[in-house]
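Next come two complexes built around subunit A: one with subunit B, the other with subunit C.
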Partner chain A sequence: MTADPDIQSKSWWARNQMRAAPWLFLAPGIAFFAVYVIFPIFQSFQISLYRWDGLGEARYIGVANYEQLFDDPAFYTSLMNNVKWLVLYLLAIPGGLFIALFLNQQVRGIRLYKSLFFFPFVISQVVVGLVFAWFYNPSIGLLNPMLDLVGLGPMNVLGNPNTVTYGIIAAGLWPQIAYCMILYLTGLNAVDPEQVEAARLDGAKGWKMLWYVILPQLRPATFIAVVVTVIGALRSFDMISVMTNGGPFGSSRVLAYYMFEVSLSEYGFRMGYGAAIAVVLFLIMLVYIAFFLWRMWREEREG
Partner chain B sequence: MQSIFKGMAAGLAMTTLLAGAASAELTGDLRIFFNDQNPAPKAAMEGMVERFQQMHPDLNIELTLIDREANKTQIRNYLTANAPDVNGWYAGNRMRPYVEAGLFEDVSDLWAGPMGEELASTRPALTLDGKQWGVPYSYYQWGIYYRQDIYDELGLTPATTWDEEKANCQAILDSGRKCYTIGTRFLWTAGGWFDYLNLRTHGYDFHMALTAGEIPWTDDRVRQTFANWRELLDMGAFIDDHTAYSWQEAQPFMVNGEAVAYLMGNFVVAPMREAGLTDEQLGFYQFPEITPGIPKAEDAPTDIFTIPAQAQNKDNARAFLQYVASAENQTIVNDTLGQLPINRNATVADDKFIQAGFEMLSNATGGIAQFFDRDTDAEMASAAMQGFQEFMVLPDNLDGILDRLEQLRQRMNAE
Partner chain C sequence: MFPTPVQQRSAAWQSTYAALLPLALVLWLLPLLMVALFSIKPDADFTQGNLWGLPSSFAGFENYTRVFTDSAMPRYLLNSVFITVPTVIGAVALSCMTGFALGVYRFRGNIWLFFMFVAGNFVPFQILMVPVRDLTLEMGLYDTRLGLVLFHIAFQTGFCTLFMRNFIRALPRELIEAARVEGVSEIRIFWYVVLPLMRPAIAALSVLIFTFIWNDYFWAVVLTQGVDTQPVTAGITAFNSQFRAAYHMMSAGSIIAALPPVLMFFLMQKHFIAGLTLGAVK
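Let's look at the complex of A and B:
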């Protein structure tokens, strides 16, 4: 009689141990993810309906922030720049692939060359931004003397609204190409030499070999390269902040930077408007995230 | 230096006596957040605290120095949670968000006494809604710093009228140099040019009404100001590629003699001297007259101390602010800072540029403006200064810029 409740409690744990254990282990992660990621998403949705300077009372204004946003030329400039980043940043993938193919050979000291090519990825983005800002600097930078050698006029890359975004993307590509290169180098190690051998016997070489034999085997590496590059393009905030502060006159802003400028910079503190930009950015990214999840799910099912 | 120190000690002894007679020594805590870590302001602030400590040996003073830029965002946190007893800030509209949110203590009681008389020149800048919210300790002039040696070489004298200014500039351009250096990467330098062009074209009252959002940006008078600016732009008066430079990065052009003048605050003097310019090479003149007969107004940003509404030791904080305002403290502090004291009984340091600034500001009959981004609401300041930068690069965009600013003004007024 007295042992009964003891047995029962023991048996509950024994019965559910297998099911409960993963959740117990996941609990801290889930809790933090919920508090610091999921909850703020909904909070942003809520704040975007208010006018709030972060200090006083928040005032409910409905969708006025969104109406203003869709009327805001700065928003479209930022959106356009986001698209430029997404498209041009993907150049890092072929760039990384060709450097990887070039370095994938057995030569004396190849490890040193590989490390040198990988080096820019090790440097902090902020340092890359600073180095490129000096490189582009029209009075002390190296770029203009170099252009002069090939007979081209001086350029003010970061001070010209037409070139500034491309200038920053070029700086961002430098470490990103190194990242893609290392992904492909690892991928190339896994390429089956027998298939290459067989293809060679069948007379495949050069581009055909690359396109029909090597690349299909590099698909996992390509997938990861696309994912990290798109993420890299979307979080391009740090370089812009370091190199131009979004200028000149706002022409190098992306949505993330515009959100920061509106809500957290020296002249900002329009939390509602910033949150509205965040929501739009979130919805855009959601398309990409949904595609990514769908592909993962499909591959899991096929696998 | 020795004599200054002795004088300081004597002055200190006297204040101690006076303070001792007037009020009992303070006890308890005093936490001060100061918003500058640069060498001169740090030395000035530490000296101020040290002297106040000697007056009140039993007071436990804790001084925290915060980076100038970081403070601009951190102030929002520390005013709402764990507030200090005194914090450093800026006069003018920059106080408004905190005054409106009830985060600054009303210190009109301090201004009601003799202190108010001594600091009278800055009373308007410290007043919002008819009350005073802080106590100033220093300010500095803006104006045109120029290469005297190059002017001499070209046989020029500093301009007093707009036509002379343009004629001088043409002579400078003909000699293969640029008239003005500027770095607009962080925008506010262009705000300085707008301030002066607008103040000289239409005067103080118009400028203040415009920065307060009472006048449309598309007003013809505003266009007139930009038209004057455009005269310089069309001449090619400013250095090329200024959008790429910060105000510091624009200095070498003047030091190397590629550009001849710099519209800037007095803080530019120290780095110019460090870069090797002597007082014979570097000169200062007041921004010239544009519309004849308009009383000249000047930009003179004022740095202040405020008491957070949530401060724990407000009596100690008030006593400290009273000491900050005193003539002898302002003399010592501004001698260290290389800036101007506000207390009219304070002594101005024996420095060419500080003396010139003192002379100019004492005769600023038009009025004293704070600076574009301190007189204007933050959102408008940001948009307008971006517009100024755009105008300096693409002057033909003026209509679009002004329409944009006007839309913003109307929306802000409607809110």
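Let's look at the complex of A and C:
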């Protein structure tokens, strides 16, 4: 037997590294991600079929948690508020575009202006929540004196079940508009100047130009803006927790908050019921995740 | 350029624009300016109803000093640092490797693994809450900074992998091929060829993750309690109940709590925006 000396002298690693290397590099990341993200998703599905206080024995109760969910008015309030969040939060996209168009100039100091318009996004949602809670506060907030100037009556935004959710959404829009603005500013930077000039020669301007020439070129920015805004809307938790604790009378709860409250409230831990709420939230999100992955898959095949 | 540069417009429009800019900025930042004003007012201004006027005396120095001397705020800030910095290092390190593996090698299941990371990154936290809390309890890491760090590293790996993989995809493949022809091992290619090229991505990602983790509130309240472990986002609640209705103190405390990521942003602006807007341009 005359084996190729070259092959024999090479170690296993040298011969197989092309196949082994990717898995070696992936192993720690996959391990972490599987333990903390992937398995827990399935575990939550399972826990949602049990009655469990988090300490004692879990008891299998089938879909009873889900049945209870359908009779729970607090669940419907939360779900409705999630819909409000989803719809109104999307206003961040035209809002961000508007500010980006306003700031897309080359005058002195404009860079600083852009930074200052953007930086609310960097502040933690907890602090944004506090800042707006004080801003709305009927006794010390600036909102009511301002309303007074334009002849509108005083209002207690966060104390009124009819306005509280809108008040929190408005606070949430503040950093989100900043985020969309920066996406669009980057997009506008990359707009093809020749196309703009050509369209101008054809007499396009203003809204027509924006709609037919600029917006199509901003499509990647718009896509990302939609994705991050939808996710942000469904994740809303911090502000509700800080500004109202879900109140008054639970009127500002969303699914994410209600789930937390049910699972870890002082009135006893109801992990199974909480998990059922989380599953519903997850299924809503899954629609968007699937859409996003589908688009990415299409792009990968083209590229 | 769109819209038309102001320089090409009438003089009247140019001066209108110049006046609109600062006005719009003040309106935009109004709630924050209100809190900033509160934070430099003395206590007396609130009891005497001088809410919006100039401070009767400048108490900014005193208020901000008290945040550090009369409360647990320094502890919370320190906890935030000890949670945020290891998470940044861990998540960036893991995702350099996963991004390299998914961006460079062609193998079966590559795209599905990539999609797993991307999808996991979009999952609502709540679906993870009960099992992760339980797991952390079982490992004896509940109410420790390490427990929080481990989870953050794992979760951030999703977003970081997406980011790194797309970045590596855009690098010139010829460099890697050339090194292979030379007989350089894959590990050395990663370390000596690819990693140096990833520096801008590492910088951008570090700044972003720093901000995300510093600002986390949900996991802080789920996995920690108390002054020994909680980061500043959760600690601010305790701070506010300590200074209940003392708006000058609460304002100063909030500004301190929000400041580190803001500083990070202004210092590392280029990297931050590059990271945030990746993919916004084709």
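Observations, loosely collected:
Everything that follows uses one rule, which is that the second predicted complex is superposed on the first by the 284 of 303 C-alpha atoms of A that agree within 3 Å, B and C clash if a C-alpha of one lies under 4 Å from a C-alpha of the other, contacts with A are read in each partner's own complex, and residues count from 1 in each chain.
In this section, a contact is a pair of C-beta atoms (placed from the backbone, for glycine too) under 8 Å apart; a residue touches a chain by one contact, two chains touch by 3 or more.
Here the structure is a predicted model, which is why all the values come from computation and not from measurement.
After superposition onto subunit A, the partners subunit B and subunit C occupy separate space and fit alongside each other. Legend: residue contacts after superposition of the two complexes on their common chain; A:163 is shown touching neither subunit B nor subunit C.
A simple residue count on subunit A separates subunit B from subunit C, and the partner touching more is C. In the superposition on chain A, contact is made by A:54 with both subunit B and subunit C.
Here the apex is the CA centre of subunit A, and the angle it makes with the centres of subunit B and subunit C after alignment on chain A is 80°, in steps of 10.
In the superposition on chain A, contact is made by A:235 with subunit C only, not with subunit B.
Between subunit B and subunit C, the shortest distance over C-alpha atoms in the superposed arrangement works out to 5 Å. Annotation: subunit A residues 54, 264 touch subunit B in one complex and subunit C in the other. Residues of subunit B touching subunit A in their complex: 69, 72-73, 76, 80, 97-98, 100-101, 103, 184-187, 240-245, 249, 252-253, 373, 378-379, 381-382, 386-387, 389-390, 393, 404, 411, 415.
Interface of subunit C with subunit A (complex): residues 1-7, 17-18, 20-21, 24-25, 28-32, 34-35, 38, 46, 51-52, 94-95, 97-98, 100-102, 104-105, 107, 110-111, 113, 115-120, 122-132, 134-135, 150-151, 153-155, 157-158, 161, 185-187, 190, 211, 214-215, 217-218, 221-222, 233, 236-237, 240, 247, 250-251, 254-255, 257-258, 261-262, 264-266, 269, 272-273, 276-277, 279-282.
Note for the complex: subunit A touches subunit B at residues 51, 53-56, 68, 73, 136-139, 156, 158-161, 244-245, 247-250, 261, 264-270.
Those residues of subunit A that touch subunit C in the shared complex are 13-14, 17-19, 21-26, 28-30, 32-33, 35-41, 43-44, 47, 54, 101-102, 104-107, 110, 113, 115-120, 122-127, 130-132, 134-135, 140-142, 145, 174, 179, 182-184, 186-191, 193, 196, 205, 209-210, 213-214, 220-221, 224, 231, 234-235, 237-238, 241-242, 255-256, 259-260, 263-264, 271, 274-275, 277-279, 281-282, 285, 288-289, 292-293, 296-297, 300.
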